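Structures for review follow.
The same chain A turns up in both complexes below, where it pairs with chain B and then with chain C.
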Partner chain A sequence: MAADPKMKFLVVDDFSTMRRIVRNLLKELGFTNVDEAEDGAIALQKLQGGGFEFVVTDWNMPNMDGLTLLQTIRATPNLKHLPVLMITAEAKKENIIAAAQAGASGYIVKPFTAGTLSEKLNKIFEKMGQA
Partner chain B sequence: MTASNDSNDLEALFDSIAADFQPTPAITPSAPVAASSDGDSDDLQALFDSVSADSFAKANPEVVPASPMVESGETWPRQEAVFNRIGHMARLLHDTLGQLGYDKLIEKTVSALPDAKDRLAYVANLTEQAACRVLNATDIACPLVDDIDRGAHDLGERWDRVFANQLTGPEFKQLAIETRGFLKDQLPEKTKATHAQLTEIMMAQDFQDLTGQVIKKIVALAQDLESGLMNVLLEVLPDTRRTEEVTNLMNGPVVNAEGRTDVVVNQEQVDDLLDSLGF
Partner chain C sequence: MSDFGGMEDLLQDFLQEAHDLLSDVDNKLVDLEKMPDDRGLLNDIFRGFHTVKGGAGFLNATELVTLCHLTENLFDRLRNGELELTPELMDVIMAATKGVRDMFGELGQMVQPQPADPGVIAALQGALNGELPGVASPAVVEQQPAVEASPVSGMVSDEPDWAALHAAVTGQQSVAQGELITKAETEAAVAPIQATIAATAVTTGAGQSAPSPFGRRATDRPGGQPSAARRSEERGRENTIRVDTSRLDQVLNLSGEIGLTKNRLTSLRADILAGKNDSETLHALDQAVSQLDLLVSDLQNSVMKTRMQPIGRLFQKYPRIARDLARQLGKDVELVLAGEETEVDKTMIEDLADPLIHLIRNAVDHGVEMPEERQAAGKPQKSLVRLEARQEGDHIVLIIADDGKGMSAERIRAKAVEKGLISEEEANTLDERQSLNLIFLPGFSTKSQISDVSGRGVGMDVVKTNIQKLNGSIEIRSEPGKGSVFIISLPLTLAILPVLLVLLGDQPFALPLSLVREILPIEQQRIQEVGGKETLVVRGEVLPVISLARLLGWPLERPPEYGVFMQTAERSFILGVDSFAGRDDAVIKSLEDFRPRGVAGVTTLSNGQIVLILDMKELLADLGQHISIGSSVKALDFA
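Up next is the complex of A and B:
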């Protein structure tokens, strides 16, 4: 993996358990620079603060959901380059299509495995390397 | 304010009643006037009684020739009609619900829902606690296993040097002492501590028994409610509305994907779908 282990991640999920699991999995993969946000609105605030290089977000959250967060990121000049990986229980085809059209970098359905997360991250890093 | 025809009609009706309203002391003793004064439940009861009495009187005009309706008949014809209609509707609704057993259903629902709410909160609570216990245990166990891994790796490399004749006598002696210490003290201590955390993870699953029981009860309640409410819906809902699907993008996990073509069931299908769309 060519990705920088110091890369700063933002994990967005309204359940602390899921945030902890994603954080632990990222740690296993060598990424220890991880911050958390419990909904899209807080995430956006933190992102505006700068320094983040990767966003992992849930879909269904209070205040601001993951799709709106993704759309807002893509519409904000200083954030739109950020890779956004969605990890969500939403499994309708129209959800996946909507996320892809909004510019999601990857889509993982819950429940998921450590292997899936690693695979999707690598795929995104590959694309980032090409760009 | 009055967008629909219904509200227009109601407003017209209200206006006509308001226009007719000319309080005269002579009329006050009659039942309808008493009912139209400040409404608390006694007044409502009085209204209901008077309306029932009126409808009874109408149905049997010969029995009560000197009813209040006749007394106030000239001043109150419209109000009479309105009160009558409302009274009849209330009675009809009440009777229908009773006949269909919905009054019992509603009563049961009202008492069962707070209980179900508490039970679900209990489930959420227990599962969250369990998740925390497991995550805490792995947080403790992972460094222990990492230590063992590192220690074994380090000693292994030094033993490789022994076999390659790269170690001096004192170094070899030191390695032997450290290896003994690792095998006799560090390893048993750390495996024991890891084992304790594995036991903790196992014990954290005890919520399954408790939540399983609670959830079964709520499933039974939901089934009762569903069948009851379904009957009500089937009676009141026009055919065209019955097939309308609820569509939105926040549905949560797919609980039962059988027979559905609008959902994916695993990551492979997500990837295939995205590939097919060129993402």
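Up next is the complex of A and C:
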């Protein structure tokens, strides 16, 4: 599946600077249809509203963290197909395993460049194409 | 010079958000001391450092990342119950937080932060390794090898191979199915990853020991803690502002309406120029002009509001300062905040930071007693210092109150005499309020009184001067044994200055109304010559009379008919003028490039006339010899 530049992203992070960074990086890659959410709970509300095709979420957030968000997405019939890219500041193996187990589509460690993000996204698109 | 080419915007955003985050962390740390086991607090603080770390990584601020990472790990252990929060550990955490704040300061100057104090880093690592007394059981620490203490990877990060891991854990299943895997599969998958993690750790370690690429600030390196602290305050000025979008919408809306009204006026002008001046047209004109009037003043208000910020942003950092100082002095003090939502002009918030810190330190240092003393006096051991803000009409009132020992007018007088600030006779004429105001005299707070913690040798006189620069005033109330209260009163905004318009011949001049105490007629026969200088006795006070003409270097054509009783920080006097033209709210236009001495700025009157706003302080400085020094005592009487 080729990446559609109109694909709608939801960027979830409690730190607005970080949302801006991710948004800018996505823009560099040609994805301009981006919405933001401050935590997992708000993200879920927005996702339920529909229209989103990709979720990029931070791990550590108040109210609902990224892992719980991921688990909830996977347990929700109308959302479970959504690709979810986890962003964290840790390269800890426990975290990676937990993310993989919960069904994350990808995992990216801060800080990263547009190049790294592009690589991760493409891998996910490839997989989605195969599925 | 900037280390952040192309990232300045991002840096500004980061700093603003990270500052807020850190203030929040500071407050939570103070709370944590009271509730060391509160998981919620530990979690929040952990997340604070974690978030700052994440953002700092994108700015390549390696040193900041390292410091946050270690602190974050410490909180991770604390929240998991693997470490116990001891007072010693708390001190390490506080030092680390201060280190983070100092680094924000460096980032604010567009330079990459210097490495954190090695002592702090060592203490953090020590704590993580269970080396602080009574911190952790060694068994726990062993489970967390060196990877824990190593900082996260830099920009060239290559994290573990997700794809390989993912394939292993999910068994090539499509991601979307999110199938859970067995423990055995997980374990198998971990093995290859561990190698990658170790490699990452090594790479990062090497990066750490390499010399910092940002070493060019050798001369700029903070010499000691006090100067570092001062620098961080000086550069704390932010040149961006966060504005509620609804406020901006209002501005937009009003400018739109003004545009419409302008169109209406344009069309009316065309009508009138074409000779149409019936009563209907004139009525429409009248209406349009009144509407414009209203809209413009609404717009002014709305624009002013965009500059207003809740003072809570300033207050936030004080509980921490009070706590640190109290701990250093062995006192038990709680700083209670109130009215944090009160909105104050942004510039004013920045200029208030120093005076408020000083007053809070003063309250903790000199105001409240040691716990034993309090107990002996039958007071609760814990002392309360209250910092409150509220709006009263067109003024902002700030109150710093303590429940300490209060100030004795008697002792203050004695001290002022001892220091040679006033004479014995002068001291005897002072009432309670005047005596308390003596502490604002330059030279009153001495070295011996200002302990090394209570603030950089700045006296109360500087606090007062700073408040007056903001066109505000400060007042003291004190009751021996009960405590002291400092009350600061400030105008809502600095953009509009209430002025008194005085006339010299036909020429109007504007005087800041905040300096004016009263207006009185000058009867020539009541003027007395004292030591060759003209004076006037007003309710027992002997005040020098200075004519405005003389201050400005104009010829004195006739004796002034009216006097304006004025008070500046140093002295009170009567300014002789010919007449008055009323009062006005002046919008100050500064004369940056060609400002003559003694002129603060200009403003325009409703009739279009340009009026100079006088800077009394400068004018008086030029004429210092005309004013008797003896008047300084009387000058204390205001506030």
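Points to keep in mind about this one:
Here is the rule we use: the second predicted complex is superposed on the first by the 130 of 131 C-alpha atoms of A that agree within 3 Å, B and C clash if a C-alpha of one lies under 4 Å from a C-alpha of the other, contacts with A are read in each partner's own complex, and residues count from 1 in each chain.
Keep in mind that, in the parts below, a residue touches a chain if its C-beta (ideal position, glycine included) is under 8 Å from a C-beta of that chain, and two chains touch if they have at least 3 such contacts.
Quick caveat, the model's predicted, so the values are computed rather than measured.
Model built by superposing both complexes on chain A: chain B and chain C clash. Set against each other, chain B and chain C touch different numbers of residues in chain A, with C touching more.
Of the two partner chains, chain B is the only one that A:67 touches; chain C does not reach it.
In the superposition on chain A, contact is made by A:81 with chain C only, not with chain B.
Judged by the touch definition given at the top, the superposed model places A:36 against neither chain B nor chain C.
In the superposition on chain A, A:14 contacts chain C only, with no contact to chain B.
With both structures placed on the common chain, the touch criterion links A:127 to chain C but leaves chain B unconnected. In the superposed model, A:95 lies in contact with chain B only, and not with chain C.
Judged by the touch definition given at the top, the superposed model places A:107 against both chain B and chain C. Comparing which residues of chain A touch chain B with which touch chain C, the overlap comprises 17, 20-21, 60, 89-93, 96-97, 100, 107-110, 112, 116. Residues 10, 13-14, 17-18, 21, 44, 47, 50-51, 53-55, 57-58, 60, 152-155, 157, 159-160, 162-163, 165-166, 169-170, 174-181, 186, 189-190, 193-194, 197, 200 of chain C are the ones touching chain A in the complex. Residues 17, 20-21, 24, 59-60, 65, 67, 89-98, 100, 107-110, 112, 116 of chain A touch chain B in their complex. Residues 14-18, 20-21, 58, 60-62, 74, 80-81, 83, 89-93, 96-97, 100-113, 116, 120, 123-124, 127-128, 130-131 of chain A are the ones that touch chain C when the two sit in their complex. The part of chain B that touches chain A in the complex is made up of residues 128, 131-132, 135, 138-139, 249-254, 257, 262-267, 270, 273-274, 277, 279.
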